[in-house]
Each structure stands twice: as structure tokens, then as C-alpha cells.
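What follows is a short report on a single structure.
Letters A, B, C, D, E and F name the chains as they come in the text, with residue numbers starting at 1 for each one.
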Amino acid sequence: MAKKVVTMGELLLRLTTPGHSRFAQARSFDAIYGGAEANVAVFLANMGMDSYFLTRLPDNEIGDSAVNFIRNYGVKTDYILRGGDRVGIYFLEKGTSVRPSKVVYDRKNSSMCDIDVNDIDFETVFKDAEWFHLSGITPALGGKCILLVEKAVEYAKKKGVHISMDLNYRAKMWSYDKFESVVSKFIKDIDVCFGWLSSEEEGGTHKIADFAKQGIDLKKFENTFSNMQKRYRIKYMVTTLRENYSADNNALSALIYDGKELYQSNKYNFTIKDRVGTGDAFAAGLIYKLANGADFREALEFGVASGVFKHTIEGDFNICTEDEIMTLVNGNTSGSVQR
Amino acid sequence: MAKKVVTMGELLLRLTTPGHSRFAQARSFDAIYGGAEANVAVFLANMGMDSYFLTRLPDNEIGDSAVNFIRNYGVKTDYILRGGDRVGIYFLEKGTSVRPSKVVYDRKNSSMCDIDVNDIDFETVFKDAEWFHLSGITPALGGKCILLVEKAVEYAKKKGVHISMDLNYRAKMWSYDKFESVVSKFIKDIDVCFGWLSSEEEGGTHKIADFAKQGIDLKKFENTFSNMQKRYRIKYMVTTLRENYSADNNALSALIYDGKELYQSNKYNFTIKDRVGTGDAFAAGLIYKLANGADFREALEFGVASGVFKHTIEGDFNICTEDEIMTLVNGNTSGSVQR
Amino acid sequence: MAKKVVTMGELLLRLTTPGHSRFAQARSFDAIYGGAEANVAVFLANMGMDSYFLTRLPDNEIGDSAVNFIRNYGVKTDYILRGGDRVGIYFLEKGTSVRPSKVVYDRKNSSMCDIDVNDIDFETVFKDAEWFHLSGITPALGGKCILLVEKAVEYAKKKGVHISMDLNYRAKMWSYDKFESVVSKFIKDIDVCFGWLSSEEEGGTHKIADFAKQGIDLKKFENTFSNMQKRYRIKYMVTTLRENYSADNNALSALIYDGKELYQSNKYNFTIKDRVGTGDAFAAGLIYKLANGADFREALEFGVASGVFKHTIEGDFNICTEDEIMTLVNGNTSGSVQR
Amino acid sequence: MAKKVVTMGELLLRLTTPGHSRFAQARSFDAIYGGAEANVAVFLANMGMDSYFLTRLPDNEIGDSAVNFIRNYGVKTDYILRGGDRVGIYFLEKGTSVRPSKVVYDRKNSSMCDIDVNDIDFETVFKDAEWFHLSGITPALGGKCILLVEKAVEYAKKKGVHISMDLNYRAKMWSYDKFESVVSKFIKDIDVCFGWLSSEEEGGTHKIADFAKQGIDLKKFENTFSNMQKRYRIKYMVTTLRENYSADNNALSALIYDGKELYQSNKYNFTIKDRVGTGDAFAAGLIYKLANGADFREALEFGVASGVFKHTIEGDFNICTEDEIMTLVNGNTSGSVQR
Amino acid sequence: MAKKVVTMGELLLRLTTPGHSRFAQARSFDAIYGGAEANVAVFLANMGMDSYFLTRLPDNEIGDSAVNFIRNYGVKTDYILRGGDRVGIYFLEKGTSVRPSKVVYDRKNSSMCDIDVNDIDFETVFKDAEWFHLSGITPALGGKCILLVEKAVEYAKKKGVHISMDLNYRAKMWSYDKFESVVSKFIKDIDVCFGWLSSEEEGGTHKIADFAKQGIDLKKFENTFSNMQKRYRIKYMVTTLRENYSADNNALSALIYDGKELYQSNKYNFTIKDRVGTGDAFAAGLIYKLANGADFREALEFGVASGVFKHTIEGDFNICTEDEIMTLVNGNTSGSVQR
Amino acid sequence: MAKKVVTMGELLLRLTTPGHSRFAQARSFDAIYGGAEANVAVFLANMGMDSYFLTRLPDNEIGDSAVNFIRNYGVKTDYILRGGDRVGIYFLEKGTSVRPSKVVYDRKNSSMCDIDVNDIDFETVFKDAEWFHLSGITPALGGKCILLVEKAVEYAKKKGVHISMDLNYRAKMWSYDKFESVVSKFIKDIDVCFGWLSSEEEGGTHKIADFAKQGIDLKKFENTFSNMQKRYRIKYMVTTLRENYSADNNALSALIYDGKELYQSNKYNFTIKDRVGTGDAFAAGLIYKLANGADFREALEFGVASGVFKHTIEGDFNICTEDEIMTLVNGNTSGSVQR
């Protein structure tokens, strides 16, 4: 019987210019629906888990289309609330070579921002659930979402559900101080934490960085993780390490810390079709393996391979099979046809 | 030397599903920029007028694209303000046969809603202008836009600029009472008025109606127009008369009243590629001819032919030449190739 | 609580040339998945029913895509069996004006043809089900499918599930004699029958006909229906009446007979985007209303309006809301935009 | 054994805006190769004749693509000369409803204009040929093409090949006087003539006309044909009669005169996907039947049905089978699917 | 005068997802027709040879489209038989970076499988032919195709036609033992053999391998080739050597053995648009040069360059000129524009 | 206040096959308008300059579309003359990997070739202009264009406008001797010269070369530039240095010589979306900085970064912001997303 997992977050309409064309050239947009947490939900459904997504969408045709879009990939949409004004939007222009991708956000005042925590029947939501995943983007949506996150984590914890959170601090959405004060309230209930909370003074200066240029200081990472874990008693601290060579070519590896060992995964070099959702694919891969009892090192390797694989797929979702990810984990990255 | 004309209003991003596909089927949207008043501005530029458009757009790539889009068709964009949060959006699914088109609006909190009338140098805007056109949609955007409309009409009047207004009451945007109280303040300064202000009690019950079913009561129209003109001293009262046979097939004629005569135009039967902007094309055609000294009956005929022609063109704009419109006015609607 | 409905049949890959291009011109095919019974299942899911589809698909990526495709539209895919060689295919070239549409079938040896009735847990399938729908295409797929149909009807009957069947005799797939001998075995268990069984000798010569040319002989229909009902004790006998004016323009009405009254629905004239699945949309509309307790005349009107509406939508499925169908039932076929 | 037929003329690159979009909206052009005579050649190949096309194309990739394009549809390209500067081009914007299609020609200085009649081995070209078809567009291309036409007709006549010519006078390409003086030199060698030579003074005022407006004066046609036939001893005089209701809707019939009887074909009403090449499809249908020994009335009916059918197909070519045309000839224009 | 060459094999419909999208994302398929031997035929036609292709296709529109598709590229289709049930199909999803391409076959029960060798007039087929090419895929299609291959080789040999065969063993289609027992019967009549017959025990373990990982053991190849040649008296033994770095980036060289010398070609590094048909392009290049009297080393170099060039072209066919291939042979792989 | 800049040249219709498909595969062409000098004009408008483009276009819909196309990107079209026969065309097939791009020109007899210098009001054109840019392609169009160039340079010089010229010798258009004799007449009036005039005998053999193979001999460049500058008193001599690794991968740097110092820019490695217009983007970047008072070394760096950036954009134009170019100049070529 498939294990139940719940993810919660916003589902956005992504409007991408065709190919690599610039915004000013576009006479159409490719339209998909996605978002950090939904991307995780889809991957887990692909892996055969009983994957539920919790969000709020307007009761109009755009909201309907968003529901259909993730249902297509096997996500259970029973817990989605309907109401409010709009689906949040982001416009994407995919870069290439020396030209970076560009994102224009138009996500304010979405239905999710206006969610009422009392409309959710957490009892049902977390019934028989094995895992709950959320991200730091949700509380950045405002007061109602902060309440939502607090309640959800509290309830999940009470029901004995494992909890993972991708901190995902977005400087454009709120201040670091606010972020920290909100997250620190419930972070002690998190089992797996992607990223870390820590001011520069404490030596936690590992912001999202380009490791292609500055190299990786494992000692510093161990220090940051260790401090944070001691403070918040998190089981696993995790992060990816990305090296940007161009908009088409990156390398990726990852770190996990369990309080004793800092384990670094294999590193992959690859070319890129679509970079969006690759961090989510990484998180989802790791969660999938941990939720199914794997060793944390094995889980990390599966996570990184999942993140790498996602770069080859258009859209937000890592549409694939467990076998395809395992091919990478097993060292075959030659991309040769199977006839 | 081309005459200068100024139009003012919101410029929206229109996202249309491909062909006649339903929202739930769309994996892309055709993307254009348009809006009631911009549509008028483009037609007037096509006709060779010195056509300026005044609006406010965000200072991002979507705003840039909107500017480019109307500049492409020859509209002067010098008076466009930049700032604010977002370009208003509407989603469109084009109907066919017995299935009506569907519009989903997502236009709240646009840059235009937040315009500051003090940022506009009306002295420059109306310098040497022959005509100013606006619509009742702009004041529906909120307090700042009401102020904008009032000031603009006041200034235009003072400078001796002819003013036309398409009342365009939208019940989804505000109440009729609010609409009437706002519009009635400055409607006496309008020279050409599309639509009418009048409660049902006064007998002015000619709401946007389907004349295919109910027929046209010219007496009632004359009464409504006459009452309104007496009250507000408007030079020309105008309206279109549409007959809906299916989403692909309509008939169109129009009425103009100059205080003495109620003149009805020729009626055209036609099939439809894109119905959006056809009322604007009608208004623009009439304005073009009046601004260039034509008799009001001749202007009405040109306006109707322009409105009819627009139904054959994808998008919001009536891209055409004066000759093409005159072919219809002269009775050739056979659509036969000119080789 | 939504009522449960089960439909059973084959899910085909439909490959359509772009626009109205001929096969020899096509450099790509639009790809969707559909089929007579799946089309019914999707409509019932759209209407909010708990709609399950039972079929067999190969365990490869094309099979996965077929599952995803109907899941997208809300159909429950829990009862779909996986195995066998291939997804059946049909190629479609859409006609226009005097040119008819063309279908090239490539459906032999599909996974469905090879289904083993013992792999199905009918107990679970029909648990709490309100309605079961099937068609005469399934037994045409061969011996294993004849067995399947017999068992399914037997089981459904035993569980008190209402049963509807679209006879859908296809002369290209099997002989009429074989068809009759198979269907007559279980037809007495059917509650609602689309079409009729009857040899020409008996006067039942109402083959699928073009009523545009030959007119409708209601007396003859009443006779045919009455004879058949007496023989098989079917509750409702139903048929559509189509008038073909061109590949783009048809008229449609329908008949229902309850043993006492032959009721004829309203007739609609309309233009056509996609004719495939319109009979299924009709059946689905009728079933939806009957399953929810409506009078059979009301159900017929809803069915016809549903069938008419489908002609405006690309693909096999009637993607719509109950409100949209009711707009037609209520007499508004003007296709005018709702702003 | 298939009969050999030779057609001669220019092969142009046709660049069409997508759908019905205007030139100013196009960001791409659909690209095909066609032309009056090539359209005839393709139809005859479709009908199973041994169809050769004679033209001249530049020795570059655009010339290669033109050759490939007609070879695709079974035309023999062995007699095509290679050399000269360019493939002639025409830009097409397809009209709809009241908006006519627009053609912008860019065909001057093409490789065909510069053809050297001495490069052609007419002995081989006309060996065993049953029929030769040409049009009045070729001599309009200039002196070298006039020479070509004269020589080709002379040679074909000498070899006993049947000759048909579509006069196709184009006022934009040359004067009527020049046209007449050139054509009258060899018209006596033509067996089947589409159109007629005759000044207005002589009462031959049947220019390409819109018979929807002016009606058809059969007496006048008989007179014109009779005069011309007497003068030039042509076996069959032929013309189509088109009624333009809109850019999407026409009616078509045709006339043939054999010196004794003026026979008028059935008339068809139809909607239009692509009007280009419909006259060529008519001519080709008639030629096909005459070349295979049919009665001239039967041939005319086949020609008209072929012309009508072409209106349903995108591009210049009438891609179809003899059966499809015969369905129309036999009175079935209902466009109903054959399953 | 161009030399005549005959190739024989199956022509499949290839359905490719757009860009690099996954099967589950595809809403359309790019449609072309190709296959190992047809790909050779097209290249030889491109090079100016009189290239005939022998296959069997159903007598329906999909079969017609397949004929047209290769006729387009200049292949002579006179020897194609029509009849049987269906065109074999394969679905293709093109990989990128670490993600391999995926192929789903749906080729069983095709018209080719059911070919009757007695329907072929080998006398005509091989009349004046210089070369005959076939592959090991054809006998894998079943008994009728084994008969076909045996007869064809026998006849070609008798007529003194040179014969080349690409062994192309496909483990998914049949067992190695069956393969060997069938092929060994006629392999002694082959002049040029791509690949080799040899069990692992004999040291012939050079299966299709990834030489990027394991390196190239020339000694072993010489041994394998030498053993096989001695046994079957084949003139030239040939193979490509591919190094897979990713789905977008490979290296390619090749080996030829004439009984005395094992010659290795230049090696090329390149990026990949479409990998399908590159082995066929290699074979075709080699055959072209050998058939026209080139030294076997020169022929190998031309073959490898042809194979490399094919990687840059979408679809199965190596559409190019001899000059383009020679540019690579001559050492210019810089891809710089020729203006 | 933005500085005024005038560029003069031909505006061509560019027809590109989709993706990297070959001419023979194309069923459509992407259509844009561009040309060496127009590309410069668009970049300067993007940078906020008051950018005017002077050309001649036919008075038809294709000419209109060309005007619209550059107006879209902010170029002022007031000085464009209308008349003549046609828009010049070039067909483009984009190469990849070892396959070079291919261009087929069809630009003879364009409206520009036939321009009458007396139709231009140079007084107005150069009023308040800061800079004038032209290229050596214009005089290659024939006598009328030679006259145009001479007059324009003479007038610009007289008005104190800075002049830059991209020599752009095209061997396919005219002989080197003719080129030199024409250009040498007015080259002394040029301030910034891209490329050089110099016969091989003088040691000026730096033709457009592939520096990937032959390396860069700075001494020789200094010599060539020094000789030329002495002879013609040009302020800055400039050239790019390109290294071709494949059609997808190049490196670029540049040289500038001011009579004293030969300064070499940074070198960039990058992948390529569209190589057309990259030299123009380089020139435009340099001109922009020089026209706004930058040091010539700084201007060169900006120019090279601009040229590099253009390789990432489809079409002829370098659509970008100054910030985007400065990101490269400042050393960030990692293409990492800015969120």
C-alpha cells in the first residue's frame, strides 16, 4: 500500500516565452502550473506515493485548469480549497549561454494569500500521513499564510507525521529578520531542513552561492549545520551545491548532516533544458527515499540524481520513473538510447 | 499635416487560448496587449493620425512589451507613465457556434489603478490636440482613475479639444449608481457620447441587448437620446445595434442622434474571427471621420463598416487601411480577391 | 456525496492532422486519447459524478499517457488494468464543407482485445455504483471482450446497478448477425438502450441515416422501439436524429421512448469544430440526468444540448459545466459573450 | 498503362500568413510551392496519370525545395531546367467574411522569365504524350516565355498531342492588346480553351465577373463562345461561373461549348478553406476526363466537382482521389463521415 | 548516367514528441516516415544515384503518405507493393544531457511482415542494378520476410549485383541463435558487411558498446573480422565506434577490414540534434563511395563524415550534398557560415 | 535628452527555416526584418538613444510590415522613403555542430537599389545628429547607392556629425577593386572604421579569418591599422577576432587602434542561438559608448560584450538593456538566474 504524503504551498501559473525568446519578442506564452511544493508533490506521485497537495485556488476556469494540471500527474487534489481572487502568476524567459533566465513575478493578492486556516480539516488531511512537506515561501505570502504554516506544522507534529521544510528564503518577498522570527517559532518541529537559519555574524554566510567561483568550504558548512541542529534539534540538515558555468551548463552535488557526519554526494556535470524546479526535484528525491526507510546517504544520492535529471525536462515537474533516477545513481550518465 | 489625437485608458495583457480551445485544454496562450481605448488609438494611427496613448505601465519587461506592442502599430508612446506593480490581465477563450466566448479578468491592482494625476503634464499632452477619447472603464478602476478622468476632461475642454467618451458601463466593476454619479459630473463636456445614462424608470431601458431577439424600437431610442442630450448638451449620441445569431455569426448596424435626426446606418451580416475590440473599432471609425470634418451620417457609416471589418481580424486591433473600410461602405462585401 | 458511475471500454490514441489538412500534408499529428465510453466517463466526471473508467492499457509510456490524459479531466483510473501489447490507434483527418472527415483505424491487437475477465475484481468495481455504461464496440473487439461484457452486465445487474448501453453497431468490425446474437444474450438486463436491434424484415430499417435527406418517420420509430422494448423489457429506448448539411453544419434532435410515449427533443442547428464524441456527449448528458432522478424528457433535452455543445470543442471530450448545457436547454444559443 | 501528360509553367514560392492573420501581424509564413500549371500537373498525377511538369528553377536550395515539393505529390520532374537567379514569390493573406484575400507579387526576374527555349528537348518532352496544358500567364513573363510558348504549342501540335490552355489574362502583368496579339498567333492550335479572347466592342464583355450580383446571361456566353470558336476553330470553349457571397462562402458552376451545345454544369454552394488553385483544379478535372475519353458534359461535371473540392484544402494543390470527386458528382455533398 | 541501387526494408511511421518533451507531456507528435534501409535509399538518391526502395505498405492514406514522404527526397517508389493491414509505428522521445532517448515500438503485424515474395518481380527489380542493400531487421519481421531476404540475395547475386548488409541484430525482436541461423545461410553472398556474426565464446564480444568507457581494442576487432571473413568470404567487414558522453554529445569513428588491413577512420566530436539514422547515414556514405569505385579507406572516411553530419539533422534522413560531406572529410568541422 | 543617431542601409526580409531544419524540410519560415545597419539602429534605440533609420521600402504590405517591425523596437522611421518594387530577401538555414549555417540571397532589384538621393532631405536628417553609421554593403547595391553613400557622408561631415562605417566587404556582391575605389573616396571622412582597406601585397592579409586555427598576429594587425590610419586619418580602427569551434560554439574578442595603442579586449567563450547580427551588435555597442563620451578601451569592452550577448538571441536584433551588457563586462558570464 502506497504511503500517504501531504505537501502544502501555492500553485502558480507559469507563463514562459517560447524557446529562449525574450519577453519583447513573445507573441505567446507556454502555460503550465507549478510551484516549489507542488513540484515535490508531483514527483512523489510519480514514485507511486499517495500524494496529496493542499492549496487554495480561485473558483474560476484558471483555478480549474491548475487543479487539472497536477491531477494529470497523479496528485490527489481532494484537499484543495477554492475561493479568492486569482491564481498567482510568474513570467519566465529562459536564458542561454551568458544570458541568465529572467523571472517577472505577479503573484500578489492570490487566492493562497487569503487562505483561512479554519477552512482546513487538518484531522482528515494528516490522517494516516507518513510525511508532510512545506517551504519558507508560504509564510512569505503574509499573515494568513504564517498562521496556516504554524497550525499545519503543529497538527502534523501532533499526529506523528514526519515533516520536511525547504527554507527557501526569498529576499524579494520579505526581510530576513521577519523570516527568521517566523520560521524559528516552529522549526524545532521539522525533521528534515533544506537550507539553514543563521546570521552572517555566526559564520553562517553560506548564502545561495556560486560554488563554481568560490569553491566549497566543507568545514564552514559543518559548523553552520552543527550550530543550527543543536539549537533546533533537526534530524537532517541538507543543502545542494551548485556550480554555474553558463545558463546551459551547471554542476550539482549536495550535502547532508545528521549531527555526526557531513556526507557529500557525487557531483554531476550536465546541460540544462529547464532549471526551474530542480531544487524541488532534489528535495523530493531525498524525501521519497527517507520516507521509504532508506539510509540518509543513499537518500541524498537519489535526491541529487533526481535534481540533475530534472534539468533535462521542460516545465516545473520532474516527470520520470524511479528506474531512470537509479540509472544515474548507478553511474550511467551517458544518455545512450535503450533499444 | 496629420491631426493629433489623444486617447487615455488601460493597456491590458490579453491571454487567449489557441484556436477555440477551452481553458482546461490550453498548454499555451496567445499574448497580445490591448484595451478599449488603446484599440481606438491604434485605428487612428492606422488612418494616419498623430495618435498618442496615455496610460501607466509597470517598469518591468511586461510593461516594456506592452509599450512595444502598440508602438509597432504606429501609436506614439511618449505620454506613457511607468511605475506601479503590474499589467492588468484578462484571459480569453473564444467561443464558436452555440458556445459563447469566456473572459476571466485578473486586472485588479494594476499600475493604471494607482496612477497619480499629478505625474501627467496635461499642458503637453493636449497641446495642438484635435480630439481626446476616453471610456467609462477608466473611472471604474477606482478613486485615482476617477480623479484622472475628471482632470483630463477639464483640461481638454479648456484647451478646446473635442472629446468623445464610450460610457461602457461594466456591472462587474462597479454599481450603476456610482457610475452615474461619477460620469454625470463631467459628461456635459463630452461632444460625442457612445451609450447613454438613464435609469430604467425614465424609460431608458435600452441596456446592451440582443436585437436579434427583441427587435429595434427606434422611437424609444430617440426618446432616450433626446432626454439625455437635453440634460447634458452632448453634440452626438451614438450606439451600435448588434444581432447575435451565433458566436460565429452576427449582424451590426448603428444609430446616431444629433438633437434633430436619428440616423440609422446600413446593416451588415458577417462571420466572426474575433469579436473583441469591434465596438472600439466602430467608435474609432466614427471619431476619425468626425475629427476630419465629415458629415455625421457619413461618419456613422464609416464607423459601422470599421466595426464590421474588425470582426475578421485576430486580436484587439482593427489593422486596416481607409480603402479597405471604404470598400464596405461602397457596398462591396463579397470578399472577392483583388489580383 | 457524488454518485458513483462506472464506464467500460477501450481507450484509443487519436492522431489528428493539424487543422483540416489532408493526411498527405501532415508533418505532425495532434495527439489525444479517447473512445466512445471514455468520452462518457469524462463528461460524468465534469458534472461532478464519481466517475470510474475500466479498460486495459499496455504497461509502457503510451499507456501511461493515456491514463494521465483522462485523469486530467477528473476520471478515476483505479480500475484500469495494465498489460498487453499496444494502445489502439485511429488516424483522423477532419473534413470541411463538401469534404467528409476520414478515419483510418489501426486498432487491432490492442491491450483491450486481450483482456482477461478474471483479472477484474467486479465486487470492488460495482460497489456502491449507481450506474454502469458500456457500448457495442467492446464486444466487437473479440471473444475476450464478449466474455468481459457478459460478465460485467451480469455482475452489475446482480448488484442492482442501472445499466445503459450504446449499441453502436460497426459494420466494419463484425457482421450484424454476430452482433445481434451476442447482444441479444444480455440486452434484457439493460435499462437504457441507445439504438435498436432489428432486422430490416421487421420494419426496423432505421439505420444510421441522414435525416436531412429522408425526413423523420416518427410512426416507424415508435413501432421499432415498441417491438424491441416488448421483446427485451428495456426501460428507455433512445436515439439521436442527425441532419447533415455539410461537414461544418448539422442539425440534431433526439427521441426517447418509455413504452408509452415517444418524446422528441428540441432541434438545434449549429456549426462544427469536432464531430467525434458528440453521440457520446448526448448519451452522457442523458445518463447524468437519469442517474440523478430527472424526468426522461428533461434528461433527453439535456442530452441533446450536451451533444450539440460537444460539436464546438476540439477532441473527443465534452469539456463543460452543467450551467453551459443548461444555457442551451433554456433557449440561449446566441453564443453571446458573458462579460 | 498511365497516359502521359505535360504541363508547362512557372513554379512559385507561396508565402502565406498563418490562419487569417494580416501581413503586419505575421511572424512566420507557411511555405509551399505552386502555380496555375503545376496545380494542374499535381491533380493529374493524383489521378494516376504520368504527369510531367516543365519549368525552370534556380540551382540553389530554394529551387531544390520546389522540385521536391511537387515530386512529393507524384509529378515527374525530369524535364525541369535548372539555372537563373530566383524562384518567383507571392505573399498571400487569406481573407474571411467581408475581408478579401490579398496577394503581393514578387515574381519579376525569376529563373522562368529567363528560360532559353533551345535548352528544351521537345522531342523527348512530347514523346508519347497524350495531352499538353499551358496557360496565358507564361507568355506574360516576357519575350523568352512568349517564344517558349509558341515553340511548345507548335511542337505539340506537330506530334499530335492534345492541347489545352487557360487564357488567364492578368491585367497587372501586361496589356490586353499585347495579350491578344500574342495569344491569337497560336490559339488556333488549342483544343480546349478556358476563357475567351474578345473585346468589349464585340459584345464579349464577360470579364471575370461576380455572378452573385449580375446573374448569368447564357445567351451572351453562347454568342461569345460561338464567335471565338468560329474564328479559331477551338474544339471546346470552357468557363467557370463563380458567385461570391463572402470570402468564406461561394457558389460555382461552369459552362462548356462544343460548337453546337452550351452545357451548364450543376451548381455547388460551399465554404472555403483556400481559394487559390480552384480554377486550376477545375481545368485539371476537365482535362483528366477528356484525356481519358469522357463525354464533354461528364468531363465538365467532374471538373466543377474537382474545383469545388479544392476549396476545402489548404495550399495550391487539389490533393484527392477520383472517388472523392465522384462522391460530389453523384450528389453527396453532405460531408458526412464514412466510418 | 546515374547508377541504379536497390534497398529493401520496412518503412515505419515515426512519431516524435515535440522538442525534448516526455511522452506524458506530448499533445502532438512530429510525424515522419523512415527506417534503417529507407534512410540509406534517401541518402543515395541525394547523392544523385538512381535509388529504388522496395517495401510493402497498406493501401490506405497512411501508406500513401509514406510513399510520398520518400518520393519527396527523390527515391523511386515503383517497386513498392501495396496491401496488408498497417504501417509499423515507433514512438520516439528524444533525450538530452544525462537523459537517454526512449523508443516505444508498435510495429507488429505491419504490411511488411505479411509480404509475399511471389508478388515481387525480381527480374525487373535487379535489372541494371549496381548495388543491393538490406539489413538484419527485415528477417527479424518473421517467416515471410526471411523468405524475402533469402530470395532477394539469391537473385541479386545471380544478377551480379553488389550486396551490402547491415546485420543490425535486435535482441528485442528475436533470439541471437535464430538470427545467426538465418543470416548465416546467405551471408556468404554479401560483399560488404556492417557488424559481425560471432558468439562470445569465440572472442567476438564486441557487442554494440560504449567505447567512451571501455576503449577500443583494435587487436580484438581484427581477430573478429578476420575469423568471420575467413568463414564467409566477405569482401569488407565494417563497424562504427561510438563514444557516448551524453545524449547531446558523442564521438564517432569507424573501422574497415579488407582481409589484410584494419583501417580506422578519423574520429569526430560533435553535438546531436537527432541520433536516429546516423548508422544508416554511415553505411550509405560508404556504399555510395564503394559503388562509385572509391578506395575502401576513402569510402570509410566519407561514410564516417556522413554519419557525423546526420547527427545535425532532425528526422531519419541525411539530407545533404556530397560537397557538405566532403567539407568534413577535408577537415573543416568549424561550422562557420559561408556567405 | 537622448542623443540623436542616424543609421542608413537596407532593411531585408529574413526567412529562416524552423529550428535547425534544412531548406528541403521547411514547410514554414520564421519571418523577421533586419540588416546590418538596422541592427545597429535597434540596439541604439534600446540603449535609449534617439535612433533614426534611413532606407527605402516598397509601398506595399511587406514594406509596411518592415517599418512596423523596427518601430516596434523603438527606432524612428520618419526618414524612410517608400517606393520601388520589392523588399530584398534572404533565406537562412541555421547550422549546428559541424554543419554550417546557409544563406540564400534574393536581394537584387530591391527598392533600396533604386533609391534617388534627391528624395532625401539631408538637412533634416542630420539636424542635431550626434552620430551617423553606415556600412560597405550599401554601395555594393549599385550606382544609386554609391551616390547615396557619398552624399550622405559629405553632408554628415559638413554638419559635424561623427561617422562610423563597417567596411563589410562582400566578395559575392562586387569586386575588391571596385569596393576599394568607391570606399577610398570618402573614407577619410570616417571617424571609426570597422575593418580595413588593404591589398595583400601591403601585408594587410588579415581577411575575415578563423582565428581558432591560425592564431592572432597582433604585430601584423598593428601594422595594417597603422598604415591605413596614416593614409586616411581615421580616428579609430576596429576589428573583431572570432574563433569558430563549431556552429554552436565560438569565442570572440576585439581590437581597437587609436594611432598609438593597439588595445585587445577580453575574450569570451559562448554557445550560439543566432549568429546573425553579432558583428552589428559589436559595432553598435562600441558606437553607443563612444557617442556618449566613453574611453575607447571601455567602449571596446562594451562592444565585445554586446556582440557576445547577441549570440543568445533569435533574430537579427540585440534586444537587451545596458545593465545586461554591463553584467558581462563586469565578469559575470555564469548565466545564473536573478530571482
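Convention: a contact is a pair of C-beta atoms (placed from the backbone, for glycine too) under 8 Å apart; a residue touches a chain by one contact, two chains touch by 3 or more.
From a predicted model like this one, the values you see are computed outputs, not experimental measurements.
Peer 1: With centres defined by CA atoms only, which chain is the most remote from chain F?
Peer 2: Centre of mass proxy via C-alpha means gives C as farthest from chain F.
Peer 1: Farthest chain from chain B, comparing Cα centres?
Peer 2: Of all chains, E has its centre farthest from that of chain B.
Peer 1: Between chain B and chain C, what is the separation of their C-alpha centroids in Å?
Peer 2: Roughly 45 Å, centre to centre.
Peer 1: At least two other chains touched by the same residue of chain E: list those residues.
Peer 2: Within chain E, the residues that touch at least two other chains are 22, 24, 27, 68, 73, 102.
Peer 1: If I apply the definition of touch given earlier, which pairs of chains qualify?
Peer 2: Pairs flagged as touching, ordered by label: A-B, A-C, A-E, A-F, B-C, B-D, B-F, C-D, C-E, D-E, D-F, E-F.
Peer 1: Inside the complex, what are the residues of chain B that reach chain D?
Peer 2: Touch residues, chain B against chain D: 73, 268, 270-273, 308-309, 311-315, 319-320, 324, 327-328, 333-339.
Peer 1: Can you list the chain B residues touching chain C in their complex?
Peer 2: These residues of chain B touch chain C: 19-22, 24-25, 95-103, 170, 172, 210, 212-213, 244-248, 275.
Peer 1: Provide the residue numbers of chain D that touch chain E in the complex, in ascending order.
Peer 2: Chain D residues touching chain E: 68-69, 71-74.
Peer 1: Report the residues of chain B in contact with chain A in the complex, numbered from low to high.
Peer 2: 15, 22-24, 26-32, 60-62, 64-65, 68, 85-87, 89, 91, 93, 102, 104, 106, 108-109
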